[in-house]
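In what follows, a structure is listed as structure tokens, so that the remarks can point back to it.
Naming follows writing order (A, B, C and D), and every chain is counted from residue 1.
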Amino acid sequence: MTVRFGLLGAGRIGKVHAKAVSGDPDAVLVAVADAFAGAAEALAGQYGCSVRSIEEIEAADDIDAVVICTPTDTHADLIERFSRAGKAIFCEKPVDLDVERVKACIAVVEETGAKLMVGFNRRFDPHFQAVRRAIDDGRIGAVEMVTITSRDPGAPPVDYISRSGGIFRDMTIHDFDMARFLLGEEIVRVAATAAVLVDPAIGEAGDYDSVSVLLQTASGRQAIISNSRRATYGYDQRIEIHGEKGMVLAENQRPVSIEIANGDGYTRPPLHDFFMTRYTEAYANEIAAFIAAIEKGAPISPTGADGLAALILADAALTSVKTGAVVELS
Amino acid sequence: MTVRFGLLGAGRIGKVHAKAVSGDPDAVLVAVADAFAGAAEALAGQYGCSVRSIEEIEAADDIDAVVICTPTDTHADLIERFSRAGKAIFCEKPVDLDVERVKACIAVVEETGAKLMVGFNRRFDPHFQAVRRAIDDGRIGAVEMVTITSRDPGAPPVDYISRSGGIFRDMTIHDFDMARFLLGEEIVRVAATAAVLVDPAIGEAGDYDSVSVLLQTASGRQAIISNSRRATYGYDQRIEIHGEKGMVLAENQRPVSIEIANGDGYTRPPLHDFFMTRYTEAYANEIAAFIAAIEKGAPISPTGADGLAALILADAALTSVKTGAVVELS
Amino acid sequence: MTVRFGLLGAGRIGKVHAKAVSGDPDAVLVAVADAFAGAAEALAGQYGCSVRSIEEIEAADDIDAVVICTPTDTHADLIERFSRAGKAIFCEKPVDLDVERVKACIAVVEETGAKLMVGFNRRFDPHFQAVRRAIDDGRIGAVEMVTITSRDPGAPPVDYISRSGGIFRDMTIHDFDMARFLLGEEIVRVAATAAVLVDPAIGEAGDYDSVSVLLQTASGRQAIISNSRRATYGYDQRIEIHGEKGMVLAENQRPVSIEIANGDGYTRPPLHDFFMTRYTEAYANEIAAFIAAIEKGAPISPTGADGLAALILADAALTSVKTGAVVELS
Amino acid sequence: MTVRFGLLGAGRIGKVHAKAVSGDPDAVLVAVADAFAGAAEALAGQYGCSVRSIEEIEAADDIDAVVICTPTDTHADLIERFSRAGKAIFCEKPVDLDVERVKACIAVVEETGAKLMVGFNRRFDPHFQAVRRAIDDGRIGAVEMVTITSRDPGAPPVDYISRSGGIFRDMTIHDFDMARFLLGEEIVRVAATAAVLVDPAIGEAGDYDSVSVLLQTASGRQAIISNSRRATYGYDQRIEIHGEKGMVLAENQRPVSIEIANGDGYTRPPLHDFFMTRYTEAYANEIAAFIAAIEKGAPISPTGADGLAALILADAALTSVKTGAVVELS
């Protein structure tokens, strides 16, 4: 079976997914839609597919699945529409910035029996997958403590930040998902601190740029997250899991692994400076997993429920900062 | 000038300090006292000094300074006695497990003008000192976020734990001091989670074995601490400081740095398995710093106030765990 | 301009180059030839190109360049034929196993003014290129000493070894080229030792499996090469260059960079186990460089002369082993 | 039993050994001799021992063993004298710069049945010992190929070089001994290249500053050595052993193991800048091994024969450079 795709949104991340779909022997990119005709046409030209409207893709008989890469505030509506149209759906995170809206959207997905995968790409990074596999293989015994370090090379424009839902929903949300992916138990307690240390303009926009989060599960497993919108040395993405029998960690990635030594010491180059180059393989792997799940009729993961769970943690962290309380989740 | 020492307590850590004092060209070990005569005599024999009672050392004209390595519950009393006797005092941490008792003791030290150094040995570790120096030299700009990982190879006997004051006052206290040493600002908020994951007997003794702590200063600088009484791979002692211009970290230490590669991969040996071998240089350096300060009449650091500050953080962390609140410090 | 390609040989390495040509926006794969019709048809089907005979490709007006991936003993003849046919030529190393045959072939290339690139793929590895760039940027000053470690995960079949020209011409030849690439001066002295330590069958086939080579340039720069047909920990490919101002090295590559710690120590996974996965980017980069050079009419490197120079070093190393002499090159 | 020592030579290395002897619970430093009375007196004052002449030490009833740290050209004579005097002898390398003189000296040692240990301190480095132990434990199977990198932070004064016997006898000799220590078989072939790349004055003094050596044993095991009198990044001392089942290596050592990351990359500090700080533990361990061997009446290693074997390799390397031949040893 070949999975036939429609792509909604031909922007930066849309291009990444178009390449992944086209490069997969079990999939074909049939059509692309974008509010900007030029963007859709350019992508269609490159991959030899047609430009269609969202409505046309919705109604198309020759399309099995869609990849949603449109702006965040359209995600929930599109998921609902394509659920009803019987298409399999891959949607970039987040489903929505509002928990109630996400719940309503997931209800439609469940009611229609649609297949929905949410784009937590980091679960598909080969290094993080190797960490997960080491845990599953019993290499470190029961998980006890997780440490996630996630720092961006630089802050996005304040304009973006204003629409982002804030650092916990925009940036930390990946780490909340990673914590859930690694802890193997639901989180019941959240404490967080937050500050503006990088750029006062971020504070003026009502957001933070430096946050620390502490998570705990019912059995007492713990995770700590350290986030900053600044990392002069590149895109800092590390995870470490401490268990009863040992520890496993994923190291940072850099474009070239050379080392220069002189009187100043031994220097290795900075890390990747962008999430797209850091997570190139992860993006390709997640689309491949989506295609494979559709082909085999296998369960899809991460689901809308995973998207919701991460959002609830983001809200709890923000509440902890605002109220000075440790937030308990039911 | 040669600083003439009396040693109070000839146990494990007493021996370490006896060696440091004897090996320092500017100091001499004059007398040793211990409740167990045999222990005192053995040490006296090894270093060619006399065995005396605490009272004799207190009254001695030929002793300038004492090192207090007796059980914790005697520390505050001895500090007060030797402050009044005009001796310079090096005391193993903690001054006491009770904040009020520590305050009263410090009042006596101040009243008498005595010199008191508290044994937070990690400040004198050459690697951590190099980290501190990198910060002081402006290598990473203003400090923003600190991560401290501190895991013991194994839990102490439950009997010890019962008398220890709990993990926050016994183990995390070193990390609280290190956080203060690195943050460069006083901490105003504390949140903590704690669990028993290693040994149920520790829980039955009313303590925890796995804790995570989140600290924040008034300007928003943050520190996270991860502690476990278990680390199968050795004594895990790492610090990492993220600043506006960069990051500095101290790596773990291992007795030998070889690597063996085969079909299973590349393997380096475990870390040090004991704090005494991990911090050998730190113990020697702290006594040398104490001696140097006495000789030069220079200020001593860390002081009793540093010991008090760390204890207050430990109490706050425990309160956070017990109450589920983020604790604000005045 | 789009460079139109014919591919000669549809085997393992032919597939790699077909993918690189097809993926390059400035090139198109027009035709493929292979003695086994099935292999050619499979590749043609995958990339939508035609199957043709070598003669047809030679005579084709719609083909600008060929990639030669046929057996070694056909290389020199094909280079000569396609030089005369006015095609640009990329040929897998080696041009031939016989120095005189290579010289004759290069004479034809020069006479016809053909463009010839020889497939020393390692020059295009991003890590080795970064090393070369560090040298060019003056980071280590004048080059003094080069160390090349190159070990295969396992020996090829003895049948292959018999036809390979021996380890110096088959395996070390890559390291001879790398030494030339890094030393920046021609080599004038060669000493080598060789032994059979891995598999006696290799010795019975008249070859060696473990060799060490020492090279020197006229000004005294030195390189050492360590080769083995065995490396239990994966494909070991390291270079290190020591210069007057410092040192630069390229580390080994592994598929995933995680680390697991337990009572046995800290273990990272083995290296890549195959040259095709280790040098994936290098293969793509060298074809891209070939295409770019054709498009821009720029000089091509490495040339046939580079292939000849490496072969002369291989012969010298073998002579050194056989005669027990340090071989001087004119 | 307490081993009673006389120390011959109170210079830089003499002080190191005096400290090691004094710090060993099974040894006592009884007397020190030096041509410069002041040097002897200073050392005697520090360790509370007497100053004596060499003749007095030779005749003394209260001295069991001597440590010879006098100038190289006195070593062989002193070894012979103290062999005849019935003392156990630890002598800094080399025994002599002339092979025949060394042979004659060893003949006296054997004839008198004296115990002689030669100061190849690197065999006692804890990291190199761990490598040796890994081999002995079968972790890498049979040894196949050894790589030794040994580079000095800077060249010694030309005046020293003139008296040193040349780089092979002065510097590489440690690596020849290490190669023998690791290969586990006697070396039968030597090829070397040498050049003056660091300082023309070294060439004018008739010596080289950059050398590469290739060694082979009868069964085909190989070692390569890379030496330079220059290393801007510190004292570079690495060994790597490749065997049939795997590989083991010893990493370089640095005084502090921190890492600083910023826009320029990740930088670790330079290595030790001096052999005395790099090999502090090795010096203490070798004296402890000497004392232990005397106490237990156990065989001493490395012996005078080991010193001779390394010197023969040094001479062979020089011959290879001078004659352009691969030198075969019987």
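What we mean here is this: a residue touches a chain if its C-beta (ideal position, glycine included) is under 8 Å from a C-beta of that chain, and two chains touch if they have at least 3 such contacts.
Nothing here was measured: the structure is a model prediction, and the numbers come from that model.
Participant: Please identify which chain has its centre, taken as the mean of its CA atoms, farthest from the centre of chain B.
Facilitator: C
Participant: Count the C-beta contact pairs for B-C and for B-D, then tell me which is higher.
Facilitator: B-D
Participant: Provide the C-alpha centroid distance between chain B and chain D, rounded to the nearest whole angstrom.
Facilitator: Once rounded, the distance between the two centres reads 40 Å.
Participant: Hey, how far is the Cα centre of chain B from the one of chain C, in Å?
Facilitator: Averaging C-alpha atoms per chain gives centres 58 Å apart.
Participant: Give the residues of chain A touching no fewer than two other chains, as numbers and ranges.
Facilitator: Residues 232-233, 245-247, 261-263, 269 of chain A each touch two or more of the other chains.
Participant: Which residues of chain C touch chain B in their complex?
Facilitator: Residues of chain C touching chain B: 232-233, 261-270.
Participant: Under the definition above, what is the set of chain A residues touching chain B in their complex?
Facilitator: 142, 144-145, 147, 149, 151, 189, 191-198, 210-214, 216, 219-224, 226, 228, 230-233, 236, 242, 244-247, 320, 324-326, 328
Participant: Show me the residue ranges of chain D that touch chain B in the complex, using the header's touch definition.
Facilitator: 126-127, 129-131, 134, 139-140, 245-251, 253, 255-263, 269
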